[in-house]
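What follows is a pair of complexes built around subunit A, which joins subunit B in one and subunit C in the other.
The block that comes next holds the complex of A and B.
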């Protein structure tokens, strides 16, 4: 039974068919699967499957990224209400778009995937100052700051990632908080993330999920070591 | 030959001394005139002066009538643009805040009567008067499938696009397509002669092939049905689209293609061949950190691929303000050198 559910759910996600995905989930619930089983055996593996497919598939596109995240976030939200006890959260990220940038799509895709991957996401919105990124990361004990920038000047600008890096350094937080960046300029120049002082980057919103989970684990292992 | 004649020769395959060389310096105009972005973009005469001065300084072929992309949103009611002095302005007030606003969205009967058009018209009037007979004057027009992104935000537009509620979606698209028809007519009337059709949803990097056929292509056909495509360049916001060029040629009959730096230029040139114009575009985001030698080498690579057989133009992408002056100079010197026949 579980194999058929996983297959049907994966197909729905790949085809960006949200209604079909919910039909699969509702059917699984009706057949006796628990919400926990649906999340950990169907939804999370499906997000991971999409991460790997998107990297390999030359036809993978923004609409698929968007719907993968949307479906994952909405199914997770619904299933969490049915959990017998709150799930274990992997870690926390504060996310926003860089100062001067009002593009929110990429951030939303990342947030959708992270929700399913059991990462707590603090959404700082758009046009976020460097001080706010750092202050909020400290306030929420976040392991990662995620900065989205769709334009070159917001990716490279002195009020964006370079300033966040400077503040982390000044406050001695570089081992406790890592920076991930994403957005169009980084796709055209794959070395750009280093030049703006980020620890890493992700090519797209869905792949970002795995990169962020790995980054959280890295920080946690460093802090507990 | 004048730059306009060189462009026309490249399109038609007639002999010319060199390839056309286009450079998109937009926000640099404010720096050129010593003005803030907000002041610079407040007057068409400033934008025209900035364009003319930079073209004169660097010697490339084209000028732009584009202020910033959000100008189109202003024609539809946007009242707030976020200006900054180190990059392109952003739309800060979405005209469509909820789906009810789609019904209320009104396309002006005559765009040229709209106050937001006045400065664009002033800019075009100066450009036409100064270089209209000799140089290409570019205009930027957003396709109906992409315009909603600057009216409601890309994520809200993706929500609507991917929902099953096609009635509301199509109502918005019909309005955006009507706007496009009026806008392209207004630009042509005002003297723009290179019309860049910005259509990121015309790339399968945005939507899959199925949705490209069922959604993007029919709406592009509708956009372009009334006005023709002779002066149009297909542009997907720097996204690759080699895999749909043949379909665009067959369906929309567009001749000029602005190829993404991420795409295989040789492949694009082979597909387009002598039937139109292949525009080879440098990755000007990487160029920010290149040396002059790296910049020259990349220009040479593009020209070596594209120049054979003619029907080729060298162009730039977004040319960020952060691009070093020496790389702009190196790029253009190399383009004139390696673009010579």
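The block that comes next holds the complex of A and C.
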């Protein structure tokens, strides 16, 4: 039974058909699967499968990234409500768009995938000041700050990532909080993330999920060691 | 329509000539202009062509005066006097020097208004619609209410980036670049004016003195770059809903550069950060706010501006269109010129493509792209997700086997999906703000060159246009130029610009909590519900 559910769910995600995905999940629930099983045996493997597929698929496009991430997030939100006990969270990230930037859709893909991967995501919205990134990261005990910037001047802008780096340094937080950046300008110049003081970057929203999970684990091992 | 085949030393071309249109006017809308210096009244004799076959209008008095008996016997005619009664072939010995300027087909221009301003002196005027990709300029005799000529050419700033943001960014980083961007456009405007004077009147210097007004509309970014004012504010989100000052600081310098000492120069002010006076001009030209029923207006472009008139209030927003709606954002995108795929249909034997002037397909203009995607979805080559049913291995899908210019790439579909989802979700958001539904909308005006040849049913099938009865949809491709012309010619219309700007409520969708959910739901290539 589980194989059929996984197959049907993967197919729905591949077709970016949200209604079909929910039909699969609802019928799985009706057949007696628990929300936990659906998340860990169906949804998370599907997200991981999608991550590997998208890298290989020359036809995959951004519109599909948006839709698949949205499905992952909505299904996860619904399942979490049905969990017997709160799920074990891998870690926490605060995310927002850089100061001066209103392009929020890129970070949305990342957030959708992260939710499904059991990472707590604090959405700081758009046009976020460096101060707020750091304050919120501290307040939520986040391991990672994610800064999205879709324009060259916001990716490089002094009030964006460079200022976040400066604040982390001033407050002695550089070991506890790492910075990931993403957005079109970083794709054009693959060294740009270093120039603005980020620890890492990701090429697209879907693969950012894995990079962030790894980064969280790195911080945690570092802090506990 | 008659088909005209032109033989010339540089090649053979095919052009469609409308009934009653003279051959020179038809050629002026293409790349193959004849030489001319009198505005088509038959007095300069420069526009000689030789009629090889076909039935044509009889020789006019001007032609008897200009052409020798021998020339007349050999079939030489003045193309400005020549009208066709059947398909025809002509020989064109001397093309004019290649020009970046073409006339705008008369069918695309508004009929001149009936009421005019009283103009005591300097009776000529210029209307300019400054777009991201194209520049449209018309010259008017304001006393008689006659449009002397029209010109359309590329915005010369294109070399600094097709995208508005790239140009703003270039200006912001370097003051000299900002100056250069401004100068480029100002040069283009006056070149268009001089081209019209040279060809249509045959006199430049003296006529420049007769121009009493230059009226300019455009999107906010283009006006900011033209005037060198406010472009820094534009990149600051806090100014998105604010009025951006785009008034030039030094009119005298413009007058001096343009050699237009008597011209009053008016840059019609934009409504807000990303809503320009081109939208206001659309609203004036379409009289969108004149009825008591609800009406939508879209000006589709790199930045799509959207207005909802509820019958009482005016709500305005804008969304990025990426470059899917401009020819540059699509692998085989091109303007609606010769060889552009205009329409795609499916019949029993397969896909049928219609290209402009029936030339071999060279690429897609906007309507061709919409048709192609709609037909590919209908025939299940494309899935509603935007994915090809059978992987193309990143090579895309060729509508015509073996023609690389007929290929639709996966990335083209992607750009289109994102652009149309932004429009659909923006319209839906405005509707909800007004507490209305699609059923309440009695009129939809689609402005911008993209919509000129749009197949409305196809646009609806893939969710670009909302479910409004097609007979309520109007395609007004050149409305912003028409609105600018009205401001030039009528005091009343000019006053409307201020009134509309003052009463419009602008909305920034990035700050609307539900906008993103809507956007993602509209990405599928399905009708809007």
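Methods note: the second predicted complex is superposed on the first by the 225 of 225 C-alpha atoms of A that agree within 3 Å, B and C clash if a C-alpha of one lies under 4 Å from a C-alpha of the other, contacts with A are read in each partner's own complex, and residues count from 1 in each chain.
Going forward, a residue touches a chain if its C-beta (ideal position, glycine included) is under 8 Å from a C-beta of that chain, and two chains touch if they have at least 3 such contacts.
Every value quoted in this text rests on a predicted model; they were computed, and no experiment measured them.
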Next item on the list: Determine, for the superposed arrangement built on subunit A, whether subunit B and subunit C clash or fit.
Entry: clash
Next item on the list: Have a look at where A:108 lands relative to subunit B and subunit C in the superposition and call it first, second, both or neither.
Entry: both
Margin query: According to the stated criteria, A:84 is in contact with first (subunit B), second (subunit C), both, or neither; which is it?
Written below: neither
Checklist line | Partner chain(s) touched by A:64 [first = subunit B, second = subunit C, both, neither] | finding: both
Note to self: Applying the document's definition of touch, where does A:156 land relative to subunit B and subunit C: first, second, both, or neither?
What the structure shows: first
Notebook entry, point to check: First (subunit B), second (subunit C), both or neither: which does A:191 touch?
Noted result: first
Notebook entry, point to check: Is A:19 touching the first partner subunit B, the second partner subunit C, both, or neither of them?
Noted result: first
Check: So, does A:3 touch the first partner subunit B, the second partner subunit C, both, or neither?
Finding: neither
Next item on the list: Could you tell me which stretches of subunit A are touched by subunit B in one complex and by subunit C in the other?
Entry: 16, 18, 59, 61-64, 66-67, 70, 100-105, 108, 127, 151-153
Checklist line | Residues of subunit A defined as touching subunit C within the complex | finding: 14-18, 57-64, 66-67, 70, 100-105, 108, 126-127, 151-153
Note to self: Quick check: in the complex, which residue numbers of subunit B touch subunit A?
What the structure shows: 82, 84, 86-88, 90-92, 153-155, 158-159, 161-162, 164, 204-209, 211, 238, 261-262, 283, 285-286, 288-289, 318, 320-322
Notebook entry, point to check: Contact residues on subunit A for subunit B in the complex?
Noted result: 16, 18-19, 59, 61-64, 66-67, 70, 100-105, 108, 127, 151-154, 156-157, 184-185, 187-189, 191-192, 195
Next item on the list: Under the touch definition given earlier, write down the residues of subunit C that touch subunit A in their complex.
Entry: 165, 169, 172-173, 235-237, 240, 383-388, 391-394, 410-411, 413-414, 417-418, 421, 508, 510-511, 516-517, 519-521, 523-524
